[in-house]
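A, B and C label the chains in the order they appear, each numbered from 1.
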Amino acid sequence: MIGVQELVQIINGQYLGKSDIDIDGVASLNRADEHKISFLSNKKYTKYISTTRAGCIIVDQAFDISAYNYKNFVVCKDAYLGFALALSYFYKNQLKSNFKSHKASIDKTAQISEEAYIGDFTYIAENVKIGHSSIMPMVYIGENTIIKDNCIIYPNVTIRENVEIGNNVIIHSGSVIGSDGFGYVNNNGKHYKIPQVGKVIIEDDVEIGSNTSIDRATLDETIIKKGSKIDNLVQIAHNVEIGENSILVSQCGISGSTKIGNNVILAGQVGIAGHLKIADNTIITAKSGVGTNIKKSGIYSGIPVYDHAKWLKSSATMPRLPELYRKIQELENRIKELEKK
Amino acid sequence: MIGVQELVQIINGQYLGKSDIDIDGVASLNRADEHKISFLSNKKYTKYISTTRAGCIIVDQAFDISAYNYKNFVVCKDAYLGFALALSYFYKNQLKSNFKSHKASIDKTAQISEEAYIGDFTYIAENVKIGHSSIMPMVYIGENTIIKDNCIIYPNVTIRENVEIGNNVIIHSGSVIGSDGFGYVNNNGKHYKIPQVGKVIIEDDVEIGSNTSIDRATLDETIIKKGSKIDNLVQIAHNVEIGENSILVSQCGISGSTKIGNNVILAGQVGIAGHLKIADNTIITAKSGVGTNIKKSGIYSGIPVYDHAKWLKSSATMPRLPELYRKIQELENRIKELEKK
Amino acid sequence: MIGVQELVQIINGQYLGKSDIDIDGVASLNRADEHKISFLSNKKYTKYISTTRAGCIIVDQAFDISAYNYKNFVVCKDAYLGFALALSYFYKNQLKSNFKSHKASIDKTAQISEEAYIGDFTYIAENVKIGHSSIMPMVYIGENTIIKDNCIIYPNVTIRENVEIGNNVIIHSGSVIGSDGFGYVNNNGKHYKIPQVGKVIIEDDVEIGSNTSIDRATLDETIIKKGSKIDNLVQIAHNVEIGENSILVSQCGISGSTKIGNNVILAGQVGIAGHLKIADNTIITAKSGVGTNIKKSGIYSGIPVYDHAKWLKSSATMPRLPELYRKIQELENRIKELEKK
């Protein structure tokens, strides 16, 4: 429970409403009661403003509150950011501390901080180093791997040998960091495995979703740079480099040795071929396929990709292709008639 | 071993054949021996009818048996349903009961039915409730999660905190229920995590394949309604709602807050953008991408989708686009000639 | 440490350089020091030849070394194969032996070779047979499953009951072998599960990436034939057959009962519909969708696929479709003018 005036300061908002409300949590417009703070960040949900029972409502500066002046509004530069700050106030993260389960299997050469949490049935191999981080139950951590501070590794994650993980990294369940790259050489029709002996480096502030695979490098390293966020079921092949603060949405796949720049957004189910460079600030829209370098930042779509604005027009014409065919035949017939004259 | 007449009653068939056969199992046409019941539900395999050694063969009413009247046929309204019923007679499901492994880690506050099966190396957190269900080895179940009766949770599944699972639910290995939604707010180029504090609700009779990810809601809940079936490697984002009896084939992905109706079929590798509504009874064909609401049920294809019948024609013209270009150039030249006259 | 002359013999190369170098490992051109062997197999990296500090460099016969005659070259028929052989010399595989963890749960009916390695928290069910193979920690192996010799099963893999795994098989973390096929029969709007009681057979020399799902057959078996290599996050449905020495790149999906031939390459995110046959030596390019049998080997692209060379041309015209529309309208107007005369 916190006074609304105090909460509004925490989320950098301007408060327009009754001053004596107490707030005990965050809820959606539909579900909020009079002790909840709610928010409007997507216009689709504006209709719920008039009916919500929320104690107060975070809105953007641009939102016209005049039609609802009986409501308690919190005006923020970015309502979504205000909402995130409010949520972060009420719900702390899941970092657990100061526990080493006697049901875990921890090699005697591992160096584990007193402040670390190591859950049941977790396996920690030789020479692993772990700082003040939460390693939940049922996690595998291979030889020589390093995990710094303030990380949460969720259950059923596998982190193989020689992986380096920075600070404030979150890895969700089922993900695999450091599986072998998919490298073979064909000799007389048989595929011979190329040993995959490189590393994976995950820098600070990276979050990795559930059931995502990040392969180790053949040589050298696969790197995810600081601040990048990776969704569920994403494939990152060997020797890939992801720049800083990039966003990889679910089910996208990056082939071997490709370098993705900073602040790039790859939407869902995007695929990128191998040995490419994608410029900083590039956006690739959902389901698109990239087969060549992208040197100039912009929005790209299609299989293979081209300029998104052009793609919108081209894809809008797709359903009319059969009609186009008939039209061309008709024109040819009319030309034939003219030619006969 | 069961007499064929008795088995035929169980599967609601009409029997045309020798009455004294004993049946001890179900087999495909190619592999069946004289004590097996087999079936024909896909016409592609009709050629095997004449050579099969099966004791009897389930066929649809529409199948013309006159050419094979020396065979023992079981005529069903739906051969595939008859086959399923025969299989279900011979092979019981894998629900195990009445066992709590001393190698499991079960919090003392958990309420677990005497009839439940809890396998080795399974972790059950605070305040979990489990009915008469099988929790196989190596499963993680987080705080406050509820699993009702007759469920099978296969090895290496992760079910996070505050998840509600109904009756008769099956979850296959490697799947993750309740990982954090992929929600960030960008402030000055950095992505700040929005705490994901909602739930996942899985209603009765839902089956979830292997290595599928279902994210918890930011607020409120992600819901899979009763009778829906989800295949392997499927992505269900935060706050998604899947209606009743829908089918999501492998590798499809649903973005945040989208509502899928009842009896919808999403074929393999389909992608659906966020904040959309898909009408009941809609079918989206494989690899298609949906970027807008679908208000009218029907079959849709393409990236982005449009009417499937139109898509079939348009996609058939795709290989002829270069030819179309040349034709247009030719027509223009002929027009120029005419214009000179 | 090995003399360069001796190493060159091991990798079947011809040596052009100073004879007294000792080599202690393999490194990329950028990272190598004077005791490392490096390689050039992708022309993109030729620029690094002049600056590398590598002790010697493996190149193809076709590479023109004349411009760099101060470097120590090892000329191989296939530089990539030479590199793979050098790596294999320095880095042995991860097969561990002769250990059964007392923290594993091994059924007393299981038959496990003295030479096998069984890691902590691994669960081995009734009647399992395991040869001289490494079963890493946290692996589940179901009843009656057989694993022969020289296999490595990485942590958090699930292998269900009645699976047969040959020799030299590698399965990476998070993968699930033998989850139920996605089979239902619809009766009055409800989906009834068809019991999935067949097997999975993985033949010799197969490698399976991380977080891949291979479903068991409904009846009979799902088969991966010898020498095939499967990448991460791949979906193989029930009753699929993959031929010998085929390559399935990440995130591709094969629907039920489809038969893929020998030496086939399916690139990333490819989808293949059910009940199809794909001819030997076929290549399907990334993100393509196959909806009909492929009877003739070749390279295919598109959704649905057609000849790759044609697809290259057609997809190049896609961005120009709107222009094509305008051109046709213009031609029609010109024809109208001519018709007026």
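The working rule: a contact is a pair of C-beta atoms (placed from the backbone, for glycine too) under 8 Å apart; a residue touches a chain by one contact, two chains touch by 3 or more.
Owing to the predicted nature of the structure, the values given are computational and were not obtained by experimental measurement.
Following the contact convention of this document, A is the list of chains adjacent to both chain B and chain C. Judged by shared residue numbers over all numbers used at their interface, chain A and chain C contact each other through mostly different positions, with under half in common.
The angle of the rotation carrying chain A onto chain B, fitted on C-alpha atoms and rounded to the nearest 5, is 120°. Separating the CA-averaged centres of chain A and chain C is a span of 25 Å.
For chain A, the set of residues that touch two or more other chains comprises 121, 138, 156, 174, 211, 233, 251, 269, 287, 303, 318, 320-321, 324, 328, 331, 335, 338. By the touch criterion given at the top, residues 26-28, 30-31, 42, 44, 78, 80-81, 83-84, 87-88, 91, 93, 103, 119-121, 136-138, 154-156, 170, 172-174, 205, 207, 209-211, 227, 229, 231-233, 245, 247, 249-251, 263, 268-269, 286-287, 303, 315, 318-322, 324-325, 328, 331-332, 335, 338-339 of chain A touch chain B in their complex. Across the interface of their complex, chain A is touched by residues 105, 121, 123, 138, 140, 156, 158, 160, 174-176, 179-180, 182, 184-185, 187, 189-195, 197, 211-213, 215, 218-220, 233, 235, 237, 251, 253, 255, 269, 271, 273, 275, 287, 289, 291, 302-304, 306-307, 310-311, 313-314, 317-318, 320-321, 324, 327-328, 331, 334-335, 338 of chain B.
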